[in-house]
Amino acid sequence: MEPRAEKLPRPRVEALDEILGTPFKVLDDGMVRLVDYMGDDAAVVQAARVSYGAGTKKVSDDRGLIRYLLRHRHTTPFEMCELKLHVRVPMDAWRQWIRHRTASVNEYSTRYSVAIDAAQQTASDQWRTQSVDNKQGSADSLPLETGQGFSESEAAFQQRARDLYQERIEAGVAREQARKDLPLCTYTEAYWKVNLHNLLHFLALRMDQHAQQEIRDYATIIGREIVARWVPLTWEAFEDYRFGALHLSATETDILAAVGAGDIEAAQAIARDAGWLKISAKTGNLLRNRERMEVEAKLQRLNLTVPWQS
Amino acid sequence: MEPRAEKLPRPRVEALDEILGTPFKVLDDGMVRLVDYMGDDAAVVQAARVSYGAGTKKVSDDRGLIRYLLRHRHTTPFEMCELKLHVRVPMDAWRQWIRHRTASVNEYSTRYSVAIDAAQQTASDQWRTQSVDNKQGSADSLPLETGQGFSESEAAFQQRARDLYQERIEAGVAREQARKDLPLCTYTEAYWKVNLHNLLHFLALRMDQHAQQEIRDYATIIGREIVARWVPLTWEAFEDYRFGALHLSATETDILAAVGAGDIEAAQAIARDAGWLKISAKTGNLLRNRERMEVEAKLQRLNLTVPWQS
Amino acid sequence: MEPRAEKLPRPRVEALDEILGTPFKVLDDGMVRLVDYMGDDAAVVQAARVSYGAGTKKVSDDRGLIRYLLRHRHTTPFEMCELKLHVRVPMDAWRQWIRHRTASVNEYSTRYSVAIDAAQQTASDQWRTQSVDNKQGSADSLPLETGQGFSESEAAFQQRARDLYQERIEAGVAREQARKDLPLCTYTEAYWKVNLHNLLHFLALRMDQHAQQEIRDYATIIGREIVARWVPLTWEAFEDYRFGALHLSATETDILAAVGAGDIEAAQAIARDAGWLKISAKTGNLLRNRERMEVEAKLQRLNLTVPWQS
Amino acid sequence: MEPRAEKLPRPRVEALDEILGTPFKVLDDGMVRLVDYMGDDAAVVQAARVSYGAGTKKVSDDRGLIRYLLRHRHTTPFEMCELKLHVRVPMDAWRQWIRHRTASVNEYSTRYSVAIDAAQQTASDQWRTQSVDNKQGSADSLPLETGQGFSESEAAFQQRARDLYQERIEAGVAREQARKDLPLCTYTEAYWKVNLHNLLHFLALRMDQHAQQEIRDYATIIGREIVARWVPLTWEAFEDYRFGALHLSATETDILAAVGAGDIEAAQAIARDAGWLKISAKTGNLLRNRERMEVEAKLQRLNLTVPWQS
């Protein structure tokens, strides 16, 4: 890396320039649109080469280098790229969104301006039941009939909330106070700017099946419509190494290695030592154990024998 | 600074230990209580001495050193102290709170658990009018009669919101979705942990008269009841150098220096060059100019002549 | 989570209080010692319970909950604990150290004070050869004889550097300038404060076999002597889920699943599609491919067949 | 702020595009060059308008709005702009540089690659004496003759350092270890990416007269050659409100107000209460007091009477 005197052209990505400013619709009245960006796959490679040496200089190696970086969590080169979005989101999804502290944010202020006159409305077929397995998740849809009732009561309630807000504003109540009873799903808007490393972290968490459906819809649009166009090599590597990855703990690895070696008894011994094979005195069955259930799922995904199931 | 072999006692602050766990009430149903802390004024001094040299070793200098650090914005020694609070706050105030990205947060999850059954209720005499000067602020109270009406309609509305939430939960709607129409002022709880430097920044902004009343109430309790007990020297310096400080721009400084020298014409010339003395062609009066109005306020605070007012 | 009125005792960890202030020696003249801390395993659990619900309240579950958090990268509860160290480190190791941006630092200033009169000296048997496999790493030791020569020339050179520094200081050269030719391995000292989440990230990277030996020595002491005493449950989980973990990409998982199912051809096809099985036209052998080599190592660790090796 | 469907052109700044890639020389062998950027003055304004309301929509107001933001430390809109530089810097200056934790960095690795064969050489007329007033600063130049001696001994020493490094590399010593005795002023290179808010903070500290000359040279080039071209309105406001500003504490403000009102006795009383007017029992003169000296300097800058000097 030596100082070069030549004039540089500014990096640009044609596929992104084509969608600059175009809103992608999300939910009933939300959207995401690209406002600006900085860098591309080549900027990641350029940064990695200054850090990780000049050994891999051929253009053909770019894909391999990006995959290497992501696989081994060498994350700093991905910070060299930056994305800026304009989003319109229900406030309850936005609260989850801004828990990611590593982004820059300018949000529409309902102290300065009258609140946006829209709240997210749930359609009759979109009311979800509480998941039993997953304390924080949803499961199937409610019966359409029940859903219809809830959609109607919601519409009426949101109208009542809006009227109340309007009455206060008209009576001269301060905007910052008048808004206090608006529903959590009232829409807000913001500029959101984040670097590629932090964006991938956001997407890994928010495109995940454990994320709430509403924010998943946003994350999926950002990932598949914007990031995939922007940095295609990084996106491919991300899908392979992060999004679809399987993580094994040291203990899990030991159990799999014993299974791999055909030593079922050794595998059982490791699990027993880890406390995963305790037996209920009452029923004689294995006691419920979360870690054991997780390794069973992993063994099954890899088509390997679960050593404590005959 | 040389390695020392002696065993250290753990720093503690008696005045804080006395209030560990005690809730300070805020608003109608909110609170702040201290859960844990690390460091004290002496930890700030200790850190400063390693950076800024061994020149000021006497205990009597601690106060002077802390004042020096704060005055000159040498902020890193203040990062050596840490505070951890348990807070109960309406979600609309909490949204402002967590915009401060440099803290650690664990918040009560309404995906995992049923939402807290309380929303902040505004008393009849606490409805505030919109400020005319300050687009984001409040001014006086509304007439009690009007306020009474608003308090009543709010209570009814909040009850309706709660009923709606309850109906959904009972019908098996997922908690993460059932909550979507709860009012913004529904209470939440959280652990909030922050270092002293970032806490002072938070307090400077949120104890300010431009901050919304609700979050000011929290910030004021944290500042006066907790920080003042914890790091009394830092708190005194903060009040002097940050909270009550006056900032002059280069141009303002030049105008004041001209006034100080008795050269009113020079002062006028500087203001004119800055574009602050434009005259309305219609009225012949000075056009409204925000920067001029601000320097006028500063001149008045310092009992100095405003050079363009005779 | 409801406001409680009872007074809280301040969390403390006896095993840590015993080593407060005790220096652990590192390298020839470096050290690490604990200055203060905040929180413990119970603070992690407490924070997790406010976020992740009240479902797992029994004390017996603490270990399971901490393991769950670490396994699923729910990292915010670990931010509730904080550690503060006093370290003495060669500047070249310190440069790697402070690349971790999420800590608070106050370092000894060689602008304010005369530089510490010590540089790290490498013993005759500690000169390492350049690794061939690993561009950034070291391999075996150099022959003792060669090492002896290097240790002697280093001692003479460091003495010369010190003399030069001293000459400049005595002639009145500013300290900030006089230091410019000191060796990179000159010792510095600092206070370093970091939360447990960021500390674990630091340890995962710096205790790793790819980290430079010098900083590994520091990281290992911090991990095994301090963190293991401080938060034993977290440390155990960390060793299992982070330090000894095995990560499989989506493609690797698919190959392992095919091997697990006994379908060697399918496994080969996946690797071929991924471009890992290209044949050299010259030799007829598989071309060198980093990703293939890594999955081979993983298959071997799990005692599974490498499907392209007969 | 409503979703707009029109296609946006990507923001660009012609004056910056002209210098993309052009190295600005710093010190004897260092440089700074612009690699990429995102946003401009208009992006700051755009972000401010979404937060601070639609009241100030006229293009003519952009300058006023930016000045308002900077004056009142509304910093988030400045985070919407991003700058990426390629720098070549002596490691001792670079250590100060990367203490700013809010930037993204990829640095040339002397573990992967052979160290850059250049160290910063100080010319005969550039050896500075230690400042007496300012513990961390420099004062005048040393006599040319003395300087010549130091430049010669430095050149010989740096050559010796390089030879030693070369001997080690040739004998097969690992690069990560061979480098340990290189002088602190050995050059390194890096990509450095930072948002405008954090960049202004960096410049405020590093262009300051208390900063070390070497890093000031870099900061000044970045400020005057790059930032001034990039965001001219922001730069103008920065120079006025930050770089040339004067800060008064509450106590200082009270003293100035008393002086402004002509009440010298009241001013003295305030200073006395603050402990600034203590008299030496020995000499009968005022004791040295740093805070008093600072307010005296401020009074003098404003051409106001120092109330305790007759």
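In order of appearance the chains are A, B, C and D, and numbering begins at 1 in each one.
Convention: a residue touches a chain if its C-beta (ideal position, glycine included) is under 8 Å from a C-beta of that chain, and two chains touch if they have at least 3 such contacts.
Since the model is a prediction, treat every value here as computed from it, not as a measurement.
A count of contacting C-beta pairs for A-D and for B-D identifies A-D as the more extensively joined pair.
In this assembly, the chain whose C-alpha centre lies farthest from subunit B is C.
Here the CA centre of subunit A is 32 Å from the CA centre of subunit B. Centroid to centroid, with C-alpha atoms defining each point, subunit B and subunit D lie 27 Å apart.
A separation of 37 Å divides the Cα centre of subunit A from that of subunit D. With touch defined as above, residues shared between interfaces to two or more other chains in subunit D number as follows: 52-53, 55, 105, 109, 112, 135-136.
With chains as nodes and touching pairs as edges, the resulting graph is complete, every pair of chains being joined.
Partner subunit C is touched in their complex by these residues of subunit D: 90-92, 95, 98-99, 101-102, 105, 109, 111-112, 119-120, 122, 127-131, 135-139, 142, 146, 150, 153-154, 157-158, 160-161, 164, 167-168, 171-177, 179-186, 212.
On the side of subunit B, the complex with subunit D involves touching residues 52-53, 55, 64, 67-68, 71, 135-136, 239-241, 243-253, 256-258, 260-261, 290-291, 294, 301-304. Touching subunit A in their complex are the following residues of subunit D: 1, 3-12, 17, 20-23, 31, 33, 35-39, 43, 46-48, 50-55, 76-77, 79-80, 82, 84, 86, 88, 104-109, 112-113, 189-191, 193, 195.
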